[in-house]
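We call the chains A, B and C, going by the order they appear; numbering starts again at 1 in every chain.
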């Protein structure tokens, strides 16, 4: 699609331009995905431009790689540290929920339905008389599983397809661009509602599969753009001139440079996928009981929000903190990797 | 005297520390005179110009001392609104990259006419007519037809002419041109430079020409000020300086120009790297790279020594340099 | 410019066909299109076969798709579960959702751009940091949680609004739902505007404008804003389609009888015609909005116009 390339090349700065490869597609998944997509485009630029006006020479020229430089910054960034710790904690309780919750999320006592906090049950009971604390802890497992699996799938599929299309260009690139356009035209929540309403399985896999199906085009666009940018770097041209094979150029020169935007978008996407799972579960088409999910619990509790707000607030809080942690992590990584902000 | 800069200091506060970009610059320009400010990138020449214009980004920049006397008034002490009126009307600036310096979404006519509309309250129609006139003055063909076009529709040379026209609009007494031809093709460079020189004579304006190109300087400048690490290290009439530099740095610069009459010889290069503005060497900032450096250069900062009535050099050993 | 429009229109056609085909396949291949037609009970095999024949469902899928699209272009979207034509449902649902979307867009423009400009000009100050943090929090909390909480606080606890919107859905009752619908996009518009302003603030042409001696106000409005808002305007335009598609959650929370509500009912009752019909129109709205945005972009940015 060479003709739609032009606007992007002309566009002065980040942000979005329709018609260009870097267009911001409002995905309906919510702004976070758009945030990820557009902000990552700034990462496609080559590093090394000196700082402010009239400040050439700049800081002492210790040669550091982009990654070690970023790591150096990240360790000192409180946002990164806090969100990193939260995520570490989430992964830990997702793997071993029994570490902090001794009960069984499925053992409920109807007699205790909607009761508030009491000793041993700090978050109270839900509409079925299940312990909200235990269910909230166990809910992390579902959310993290969905988020991680969907992100891995989307990142792999999207970056391979997008990367190859960007690298080889031509007809495949044109076809892929049209295909991604098709997927972008379907609002995510709507697509989920349509596709998942016919699924009866109560495992997480249909949900993960759906997210990969509708999520890959976003990453594929990012990867394509990043590869095209990397391809134009002088050292890649030089390697080509020296007769390096396509495989070698792709693996040794392009991948390391194109991977940063993909990682940032994937991190932020992980947060959005968790939110999306909860939204779909809330609408009744995501996970289904007996799966333990924050979305299901919020959905089940929302009619009683007036009398027993604790049944909604705890899982909702856990959900918000989880999504926030991933988005903040992605944001911090992006800032650290963005050479423009140095 | 049109412009006199006294003891100007500018620093940048960055995440990694304070960069001292300008460290006590003294310079002056008379009416109708062309002063070339010469130096490597990072020598502080652009920052000095921006400080004079009052367009430094503050923060991160900060003017920590000095005076900028323009037609007798210290600009640094003016209120922002007074200062603004000096810009464009009293002094104007031409930037290096015309494509990025012109607003991409406004027509060149709008951008030229804006000068008259804002400073003189002219009507839209009159301003447009003035814009056409200006474009003709800088020899842009078919000015009437092109006045409604956008910057990206012009060639590099034509865009720089538009920048020049914009600077000339209100016939300011001083023009600062910051590397006006660096971004242009070599063939166009001469045309644009000639145009600028012609107009400067015609309007009898002061011109500060910031450049790192010694070739440009020789043709058009009356006087040269050489900057290094945020200081003026030598100032002299252009021919005197070319004949016999009085500072080792100037000498190094002149010797590093490739010359046809010395074909076959190795090119001279000043050893070492430009100084880090966060850690400027004590004493004479040039001493780590200077072939003449003695102990005194490492400890004492040389003042500006009077070489002749019109010449100054900031080198303890200017005599040796001049005659060596 | 004319060629640009035509090219964009032509590009739209395969995307529209692809997207509707995808939806059509999802519903017809993965689901059971006659399941909803026998009420609550399972259809017995004979009736199911009869129904399938009646609706042309025994034909190959591509043929069904062509027939359906043919009907759509003559304005026939089929009938809903209660025998009403789908177009009639659309007639009552779309005005409501369009009103909701308008409210949301107005919030995005007024609050989002204002906050974005203010923070972009004050980058690094406490106000900026606070707003930035709030936008991240808003983006992180899923819309349905925000909606439930606002409904609880404003509707139930403080009684400022009615917890659910009446069937007519007048503008004033849609204020809070519109804010909920806009919330995530609003936070994003703020961030986008901020980034754009902060980036363009250091642009060379802004420096030129200052050097020309223009008053600060004029530098900001005529030079800085004019350039910075281009990506924001285009985002908001693209967001129209997304908001209408995403309204389903908001409409469910506040019991608004708009597009999302009808779609949801259609899905619950497994009514293929309603679902495919509404989604087709939404996809079309999304694509038309995108087209308009592209044209708007060309109007705002001469570099595209004359490319």
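Simple rule for what comes next: a residue touches a chain if its C-beta (ideal position, glycine included) is under 8 Å from a C-beta of that chain, and two chains touch if they have at least 3 such contacts.
What you see is a predicted model, and the numbers here were worked out from it, not measured in a lab.
Visitor: With chain centres defined as mean CA positions, report which chain is farthest from subunit A.
Guide: Of all chains, B has its centre farthest from that of subunit A.
Visitor: Based on Cα centres, what is the most central chain?
Guide: A
Visitor: Please tell me the distance, in whole Å, between the geometric centres of subunit B and subunit C computed from their C-alpha atoms.
Guide: One centre to the other, that is 52 Å.
Visitor: State, to the nearest whole Å, the distance from the C-alpha centre of subunit A to the C-alpha centre of subunit C.
Guide: 21
Visitor: Which integer distance in Å separates the CA centroid of subunit A from that of subunit B?
Guide: For subunit A versus subunit B, the centre distance works out to 49 Å.
Visitor: Indicate the residues of subunit B shared as contacts by at least two other chains.
Guide: 57, 104, 152, in rising order.
Visitor: Show the residues in subunit A shared as contacts by 2 or more other chains, in ascending order.
Guide: Touching at least two other chains: 10, 12, 52-53.
Visitor: What residues in subunit C touch two or more of the other chains?
Guide: 202-203, 207, 227, 230, 303
Visitor: Report the residues of subunit C in contact with subunit B in the complex, numbered from low to high.
Guide: 202-205, 207-216, 218, 222-223, 226-227, 230, 300-303, 306
Visitor: Which residues of subunit A touch subunit C in the complex?
Guide: Residues 3, 6-7, 10, 12-19, 23-28, 30-32, 34-35, 38-39, 52-53, 178-179, 181-183, 185-187, 189-191, 193-195, 197-199, 271, 275, 278-279, 282-283, 285, 298, 302, 305-306, 309, 312, 316, 319-320, 323-324, 327-328, 331.
Visitor: For a test of understanding, state which residues of subunit B touch subunit C in their complex under the given definition.
Guide: 53, 55, 57, 81, 84-89, 92-93, 95, 97, 100-107, 114-115, 118-119, 150, 152-153, 166
Visitor: Applying the document's contact rule, which stretches of subunit C touch subunit A when the two form their complex?
Guide: 7-8, 11, 14-16, 18-19, 22-23, 26-27, 30-32, 136-137, 139-145, 148-149, 151-152, 156, 184-185, 187-188, 191-192, 195-196, 199-200, 202-203, 207, 227, 230-232, 234-235, 237-239, 241-246, 248-249, 252-253, 263-264, 267, 270, 275, 279, 282-283, 286-287, 290, 293-294, 297, 303-304, 307
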